[in-house]
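Here the chain labels run A, B, C, D, E, F, G, H, I and J in written order, and each chain numbers its own residues starting at 1.
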Amino acid sequence: MVFLVEMDVNIPTTWDEDKLKDYIKREQETSQKWQKSGKWKYLWRVAGQYSNVSVLEVESPDELHAIISSLPLFPYMDIKVKALCKHPNAVRETLL
Amino acid sequence: MVFLVEMDVNIPTTWDEDKLKDYIKREQETSQKWQKSGKWKYLWRVAGQYSNVSVLEVESPDELHAIISSLPLFPYMDIKVKALCKHPNAVRETLL
Amino acid sequence: MVFLVEMDVNIPTTWDEDKLKDYIKREQETSQKWQKSGKWKYLWRVAGQYSNVSVLEVESPDELHAIISSLPLFPYMDIKVKALCKHPNAVRETLL
Amino acid sequence: MVFLVEMDVNIPTTWDEDKLKDYIKREQETSQKWQKSGKWKYLWRVAGQYSNVSVLEVESPDELHAIISSLPLFPYMDIKVKALCKHPNAVRETLL
Amino acid sequence: MVFLVEMDVNIPTTWDEDKLKDYIKREQETSQKWQKSGKWKYLWRVAGQYSNVSVLEVESPDELHAIISSLPLFPYMDIKVKALCKHPNAVRETLL
Amino acid sequence: MVFLVEMDVNIPTTWDEDKLKDYIKREQETSQKWQKSGKWKYLWRVAGQYSNVSVLEVESPDELHAIISSLPLFPYMDIKVKALCKHPNAVRETLL
Amino acid sequence: MVFLVEMDVNIPTTWDEDKLKDYIKREQETSQKWQKSGKWKYLWRVAGQYSNVSVLEVESPDELHAIISSLPLFPYMDIKVKALCKHPNAVRETLL
Amino acid sequence: MVFLVEMDVNIPTTWDEDKLKDYIKREQETSQKWQKSGKWKYLWRVAGQYSNVSVLEVESPDELHAIISSLPLFPYMDIKVKALCKHPNAVRETLL
Amino acid sequence: MVFLVEMDVNIPTTWDEDKLKDYIKREQETSQKWQKSGKWKYLWRVAGQYSNVSVLEVESPDELHAIISSLPLFPYMDIKVKALCKHPNAVRETLL
Amino acid sequence: MVFLVEMDVNIPTTWDEDKLKDYIKREQETSQKWQKSGKWKYLWRVAGQYSNVSVLEVESPDELHAIISSLPLFPYMDIKVKALCKHPNAVRETLL
């Protein structure tokens, strides 16, 4: 099943630059691991904002949560999740 | 360029069923014309809601507006638009 | 998979009492059909409000949407949907 | 009586990992004590979010507050509470 | 148990004066019946607004809902409900 | 005159336990002093939340402010204030 | 005592021009009667919006409500009310 | 002085097409009259939305209000107004 | 021209009492300097809240900003600004 | 293409004055570099607020993001972005 996930990052203002760099590096590694697995289909930056929009195709809500909560910045993000389904006007047969 | 567009439909409560059917039919025709043109890439229903999430690839903000505002239900929708760009962690080379 | 669905009803103020009664009767029939099917697990009223909270167990987001959008009052409700999954602190082995 | 309780966790950004682990461990112990008592009926994770949805059956609002406020993370959560009652369309005779 | 209930009235703009007067009269009769029963403890107007704040003491959430939903203007009000309990700093032994 | 006051407490996450205990103790002393004076009529806990709802009867808005701002946690609370007056449907002759 | 009152007008879209003119004329008469009485101290338009900001000096919250609710457009306005008091940094001895 | 004005249009759902066309034609005439006068500097459409963003240079808040409230759709728009001034980092000497 | 300015103060929770006292003292000095200049016409406390409402009469938006941003607590306040103008129903000839 | 960008600055309360000055200096340098490049067309201060409104003309959403995210205060700002296009009522042939 397919989910649209919007994440707004709130970097803690008490972190020094080394800690921030370490988090950003581990965030990248985790996110790219899931993209390469084929489950994280799209990862877009919202132009001008510290936010991203993602599309994930997973087996279950539990798998979605396992992926999102594995991100090191997970506790510091505001996250919105929408389960997607076929629109009656959609020309495309499949969701992705 | 690529935009994420979320549309929430607010059907006027004064419309009778014939008027509503007519609008829904014309909405479908317009939306499918743009999907077939290759500019409206994805059209998803948000599960359980009278809302959709769409991804469009257009030449300019003016073209985006021309497409969205050609929908017969355009005056009766709450619409959110996000311009998307490449995320530094994205594995995929292109946006779509 | 299990979804929590909150519905707030906005009765159109232009409806006369007969139309309202007809909708309420058909709403009840539809909702009870799905409850008896075993897919609509819980249907609760929020005390003091024209709102309900429901728990549904379905095969897919598409099935969730098919059930919710079959309600006659669907176009006149504000609806919030949350996909649920196992909490690490949950004692119960299954979601329901 | 039955309450729906939604909790969003806001981990203080100044906590180090040891403090956080200690809180998470005590949170789990407290939450599982109440689940085993039979009063905390359901504890679900909202997929993709640091939030949970719970259903509690208690003797009184005072008992509800005693349970929720005994959680170590209580001061660091945004909490919404809804008192539930029988829906006129509900097929099930009892709330749970 | 004791609930704080806030009600904002949204008079439908399509009602003529006779219909409005009839509703207001029946609203008064219903509200006063419950006040005289001893269950609707306080009914206050919020100064300068078409809103009221009420305190009700009831046997259960179901009874609260039966009282509030018996008001003729119930479908046309935004309603917030808070279950109250004893505050640790309260000097008074009982809630009311 | 009578005011309804809702207070949500936001404990600073940087406070250690001693500082928190000291504030809670002084908060209790101040709040109880005003309750015993007869001006702070009701102090209720909102079930499941770090919030309270209070009813105060004072001589003037200035006196209301003097009371609320004397609470040690005043700078760390979100506070909503509503001036109350007689509702035309109220059976009770006085506000309290 | 002194209140700041903000009113946003929502003209019902179903009114014809005669009805609207009649309301606007009666609104003006009522508002000017209270201004001339000395109780409605200031009536300002918010530049560019169908809103006003007012300052009233009244004997009680009940009198405030009597004045505001006597406006013919009262049921069609969103209204916010703030009770004002002396600021510790104010140079002026009185509120007005 | 310079103001940024954002207008969201809410077309009344009860209007027929002739009435709507008439309003749109008069809206255009009024808006273009002010643009040609040199006071309405910029009028932009927000891509994908029934909204506009405008920049006006006027003599006073009263003149701003006279211009905006002369628009036939003024009663049917949500309007936000920001007074602009020189930013300390601005390279440009003047606002426009 | 006349502006209504609402300021909500958010004292940083990391400040010690000396730092806070110093800011409050300098805030008072700055605010009183502007009141005595005749430009800051009214400074009111909102009863029960750490907020104020002010009315300023200035030469330009730039002067308004110069005054407000000279307050030591300026970076720690949520501020709303409304430009005021003559209301067609106002009896008073001038704004102040 | 042209974007309207609104930025609200949230200075971390834990920064000392030297760190703040350093950020403000680098913020100014970065912002002026982009203004001189001709891409950042307007930079306005919102009167009375720690916010700015900007108009940028860029080649793509990616370029917009490159500019905005190069600001040292980027992680500490709430940012809203609107893509602008030609309004049917605009007299001016071009957007800028």
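Going forward, a contact is a pair of C-beta atoms (placed from the backbone, for glycine too) under 8 Å apart; a residue touches a chain by one contact, two chains touch by 3 or more.
Everything numeric in this text was worked out from a predicted model, so none of it was measured.
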Practice task
Kindly point out which of C-D, C-E or A-C repeats the A-B interface, defined as over half of the contact pairs being the same residue numbers.
Solution key: C-D
Completion exercise
So, in whole Å, the Cα centroid of chain A is separated from that of chain I by 42
Handout entry: Distance between the centres, which are taken as Cα means, of chain J and chain E, whole angstrom
Key = 48
Fill in the blank from the handout: By the touch definition above, chain E meets two or more other chains at residues 2-3, 13-14, 45-48, 61-62, 64-65, 81-86
Fill in the blank from the handout: Touching pairs of chains in this structure are A-B, A-C, A-D, A-J, B-C, B-H, B-J, C-D, C-E, D-E, D-F, E-F, E-G, F-G, F-I, G-H, G-I, H-I, H-J, I-J
Practice task
Would you mind writing out the residues of chain H in touch with chain G in their complex?
Solution key: 3, 5, 12-15, 61-62, 64-65, 68-69, 74-76, 79, 81
Problem - Residues of chain A touching chain J in the complex - result: 9, 11, 13-14, 45-50
Fill in the blank from the handout: So, in the complex, the side of chain A touching chain B is made of residues 2, 4, 27-28, 31-32, 35-36, 42-48, 52-53, 82-92, 95-96
Handout entry: Contacting residues of chain J [partner chain B, same complex]
Key = 1-3, 60-62, 64-65, 81-86
